[in-house]
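Next up: some structures, all given as structure tokens.
In what comes next, chain A is part of two complexes: it sits with chain B in the first one and with chain C in the second one.
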Partner chain A sequence: MVGLTSKLSRQHLFQWRRWPTWARAYLLLLPAVGMIGLLFGGGLILACLQSIGIIGILGDTQPSLAAYGAAFSHPELGRSLWLSFYLAMVATGLSTVISIGLALLLRSAGRWTTIACQITLPIPHLVGVAGILLLLSPSGFLARLLMALGWIQSDQDVPLLVNDPNNWGVLLHFLWKEIPFITLILLAVLRGMNPYYEHQARALGANPWQCFWNVTLPMMKPGILSASLIVFSYIFASFEVPFLLGSTRPRTLPVLVYRAFTDTDLGKRPEAVALGLILSGISMAVLALYLGLTAKSRQTYAERGDS
Partner chain B sequence: MSYRLLHRRQFLVLATAAGLATLTSNCNRQTATPSLDLTTASWDDVVAAARGTTVRWAMWGGSDVTNTYADQWVGDRLKTTYDITLNRIPLNDTVEAVNKVVGEVQAGLTSGGDIDLIWINGENFRTMKQGNLLYGPFTDLLPAMAYYDLEDPAVLNDFGLPIDGYEAPYTGSYYIMAKDSSRVDATPQSFADLLDWAKANPGRFAYVAPPAFDGSRFLLTVLYGVTGGYEQYAGADFNEDLWEQNAPQVVAYLQELKPYLWRGGDTYPPTQNRLHELFANGEIWMLPIFISRVVEGLTTGQFPASTTAFSLPGASLNDPSFTAIPINAGNPAGGMVLANLLSSPEGQLEKFKPEVWGDPPLLDVEKLPPDLQAQFAQVTADYGLPLQELTENTVPLVNAEYTTRLEQLWETEVAG
Partner chain C sequence: MITLPRYGLITGAIALLLLPFLPLLIWSVAQSWFFPQVLPDQWTMIHWRQIFSPSSRIGEGLLQSLAIALVTTSLSLVVGLPAGRALGTLDFPGKMALKLFLLMPIIVSPLATLMGIQYVLIRLGLSGTVLGVILVHLMPTIPYMTLVLSSVFANLDLGYELQARSLGGSPWQVLWTVTLPLIAPGVVVGSLFAFLISWNEFLLTFIIGGGRVFTLPMVLFTLLQGGNHGLVAAVAITSVIPGLVFLVFASRALQQDHALGGLGNV
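Right, the complex of A and B next:
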């Protein structure tokens, strides 16, 4: 009886099912969005206030944009930005292309492929970095092997692959970590696809390349785009890998931000926060651009999926 | 179906409620001990206030031996003697703790903060003192201070800045040099010798990329070594004219050295541990290093047994460090008890043991009772390095502004 009453009154009060779908969707999203908004958004607002001098530790609370001036004229900003872009682009591009090939190869292999691709997922980046160091540093496992084989005479003959000016170590680490991740997603996409489209294309005379280019790849596209987007934004803002494996100079933007934020001069704080906000702004702009550019293809896929 | 939906909805509501409850309970957490009036409190009051609490100690966490010393000996002593639980907060760089205190104070958390004690010295101490972020003066209350020579500049000043009772003495570190004597015959006695050796052995010397703290120490030794000694920089103030006049010599030296560094100076080891690995693996044969790290490397077998230490007279550093309590510490009494334990003869003796940490004592051994003096003498005899000989020609650190300027100079002129 009590249960019935409460259920009735609740239906009466909320009339949940009469709400438009969008309103219900937003309401259900509220806990998640609220949490992110409070913790992330709140932090962002505080950071903004610090960067324009409204909150200050040293007592000077003159609002000004001086910190942004200092951040934008930071002598390393340009190089750091370019390096972060370069690393994110190259690592994402290479791992995406390799993953597409790998996924196609492994498409009809057994379930072990999915398990194999998941092996690297739970390994933290820090452990991966330690592994790269043990393997590739000039006195690492590989160098010792070459020395034992008599191919090299001294550790100084080994090309530098960690902390090197070309950031090979960083790129290798990200390839190792991200190729299985993208392959995993693409395998799921490929295995969920209706194979008859491809059979039909081949039956109608398409050669394997035409079949891949005109049928398989377009159907894989949403998976490729979302996976590469995740990877790109992660690498662009990654701190620990370039900090431990990257070149001393130039530094990636996150490493530069860390350096500015840990400057012992408290007067540098607003500049550091401004640099951090510039990094966030660029990340978000890149995401928006990417989503905007790819919106069309997703639209096409959605229509095709509906039909 | 509707039954399942209801369940899911209930789950969501419950989850949200639980999340919010956690958040609010965190906000309302009460950790503060009864506040102490430092002018009237006695040491017994401090100990009474600290009993049964948890003390949170923020310290650089990049060394296994220091972490083990803190977790085991210090943690056990706090628990058995004072019923205090130690919560060690590991840091990549001490400035992170400074940042946390700054952040808390900015956010209005002027008491009940999350750090009760920081292992600190140098520019971080200056930052906190300058920002009015330190609790104290408190060292007059500590019984352990009876064993310190209060005339000794190493105990009175931190990087030339008067301590004024805001820091308790902790480590008696020295920043010297080490080499693998099975590969290196020469023992450089000056920076000119070092440069000659590096030119004859390209790629076999390295230092950590500043502003990591020991990289910055190397820059300071270069400043002393190539511009005519440390005395001119002593004193409380930073001398702008002197800096402008001498900085070019430092840059010139570092740039001349650069092509002969590990990997031609194209890159630098990013952390102290990485530098030590290079030495352990035989990639470099000579390095600047803290004395306790040489002892640790020899004791654990990480470094070759042929490793020997030497100092550059007038340039190697007498580099003590301290502990300080943030102004907003949630448990300042616990922080003081911990600081006292670290300064105490027992604490200084334990960390001096080569198998524990190998860090030399900062206290004045002559002020100790005879039995303790004998124990210190025993550890000195077992130390594995000629401590007296290595440290007698070391010099103190000067105003932290010199270090800051050296770091900036290195970033713009040397790292490229």
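Right, the complex of A and C next:
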């Protein structure tokens, strides 16, 4: 009898459901948190140490803030920062607004129509860059079509849309790529919403616009903010699109970091890391802003106690 | 119900999304296509033959991309399934903070982090290896996988599992015959995102691979800085195919709102 109970309690140790909830949760999260902690957290710490010269790619040196001095006195820093911010802001804002419209249009559409509107989702960014270059460059497909139609007389008449000072090519690329992504998320949000509130608003006499503005949009708001955060952060940190399609001067901050990173002078590495850390710092500030903006809805969410 | 103007708007949107593919398709089979010709006067298959010729490294890039994306996806699934389960079904102290921490790699620019990781990988002899590249690809894929799966788990009725257990199923049996079939759409959507992210990745591969890991985006980036439009177009179209196949395969799962809802609830 004694032997049996001790055998049972030993079994309990392996009985998952008898563990306290928090212990189970932490154990389940351990692989993911450990991986991200090691890669992202570890990488960030090592980057900080490199930027202040404690460790270095060429061997360890004396700690100094010289890299930050060089980064902050970089002649292009201010304009690059502004350009990165401007591109991410405009591209995210426009694609979010258009995606809200497209998601509402697709709300009752069938599966294949919806899939067709998500066609750019699986397309690599570099393929988009190639397509936009061959479409919009001065001797591109669009210019050829316009000329065949007699709308323009020579390739001089086409407005410059790639590597142009206004970065039209970059903005168009991100609209093309991100609208389907945000639409996909918003469609899921729309389908997950209880239609009762909208029906009720209409039944009580709201016109379609009032119903959208006062009922549908507020209900979509968490999804809209969340999708915009993901897209803004991606565009702000993206390198290959502004590098290949953007203006040659000013260049975006990630392009500046790339330049410093690929410099043949390895002594420039701490400066590259410092510039990269400025970029990371700003992304973190944006995340903090988002958390501040959504703190209230998060609170009600937690209080409601559902998923 | 689809009304006529609504139908027109949707068709217009699809046409605009498809427009950049048109010059790619034509260039990939164009021999000489001078401005302002609307269509080339000579056609050729030379660019496509070049892709599959052993002397070009494009085939190698294709295989390497595919291997890296598949391993990255599997690994993030293994890590993301338990994490998604914890975040989706359990309540515990620090849940919000841990979820936020797991999101950091897709919100915060990875450039500085990559240079930090590179410092260690050089010392471990992993810089410029496929293994090193797979490791850093996990940074953006784990957050997406976890977000999608936690949302799917949150909408899973745990009563099914309890029922199966009480009817005498072992934990493994329940996992294989009850839980996994129920969350399958989430697994498909999470894997789709992980695959696409890894397949699309340029910067991470460039910094950690050091030019020695030659994936398809590396090939395309190099070609885009040259002037061979035909080969660029052929490689670009080749890079589209696996993702498109995966999208069609996942189309039914994408209709499942809980999986994507995870991305609308960061």
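One rule holds in what follows: the second predicted complex is superposed on the first by the 268 of 307 C-alpha atoms of A that agree within 3 Å, B and C clash if a C-alpha of one lies under 4 Å from a C-alpha of the other, contacts with A are read in each partner's own complex, and residues count from 1 in each chain.
Here is the rule we use: contacts are C-beta pairs under 8 Å (C-beta built on N, C-alpha and C of every residue); 3 or more make two chains touch, one makes a residue touch a chain.
Computed from a prediction, not measured in an experiment: that's the story for all the values here.
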Touch check for A:Asn214: first (chain B), second (chain C), both, or neither?
neither
For A:Ile230, decide between first (touching chain B), second (touching chain C), both and neither.
second
Taking the superposition on A as described, I'd like to know which of chain B and chain C A:Ile55 touches: first, second, both or neither.
both
First (chain B), second (chain C), both or neither: which does A:Met284 touch?
second
Which of chain B and chain C A:Val129 touches, first, second, both or neither:
second
Chosen between chain B and chain C, the partner touching more chain A residues is C
Should A:Leu145 be classified as contacting the first partner (chain B), the second (chain C), both, or neither?
second
First (chain B), second (chain C), both or neither touched by A:Gln200
neither
Thinking of the overlay built on chain A, is A:Ser64 touched by chain B (first), by chain C (second), by both, or by neither?
neither
So in the superposed three-chain picture, is A:Asp155 touching just chain B, just chain C, both, or none of them (first/second/both/neither)?
both
Find the residues of chain A that appear in the contact set with chain B and again in the contact set with chain C.
28, 31, 35, 46, 50, 55, 57, 139, 155, 244, 261, 269
Chain B contacts chain A in the complex at 12, 15-16, 19, 93, 95-96, 98-99, 102, 105-107, 123-124, 126-127, 130-131, 203, 209, 211, 263, 266-271, 277-278, 281-283, 400, 404, 412, 415-416
Under the stated contact criterion, what part of chain C meets chain A in this complex?
1-2, 6, 9-10, 13-14, 16-24, 26-27, 35-38, 78-80, 82-83, 85-88, 90-93, 95-96, 98, 100-102, 104-117, 119-120, 122, 135-136, 138-139, 142-143, 146, 151, 154-155, 171, 192, 196, 199-200, 202-203, 207, 216-217, 220-221, 224-225, 229, 232-233, 236-237, 239-240, 243-244, 246-248, 251-252, 254-255, 257-261, 263-266
Considering the complex alone, what residue numbers of chain A touch chain C?
16, 21-22, 24-29, 31-33, 35-37, 39-40, 42-51, 55, 57, 102, 105-106, 108-109, 111, 113-135, 139-141, 143-145, 147-148, 155, 176, 179-180, 184-189, 191-192, 222-223, 226-227, 229-230, 233-234, 236-237, 239-240, 244, 254, 257-258, 261, 269, 272-273, 276-277, 279-280, 282-284, 286-287, 290-291, 298, 302, 307
Residues of chain A that touch chain B when the two form their complex:
28, 31, 35, 46, 50, 55, 57-58, 75, 137-139, 155-156, 160, 163-165, 243-244, 247-249, 259, 261-266, 269
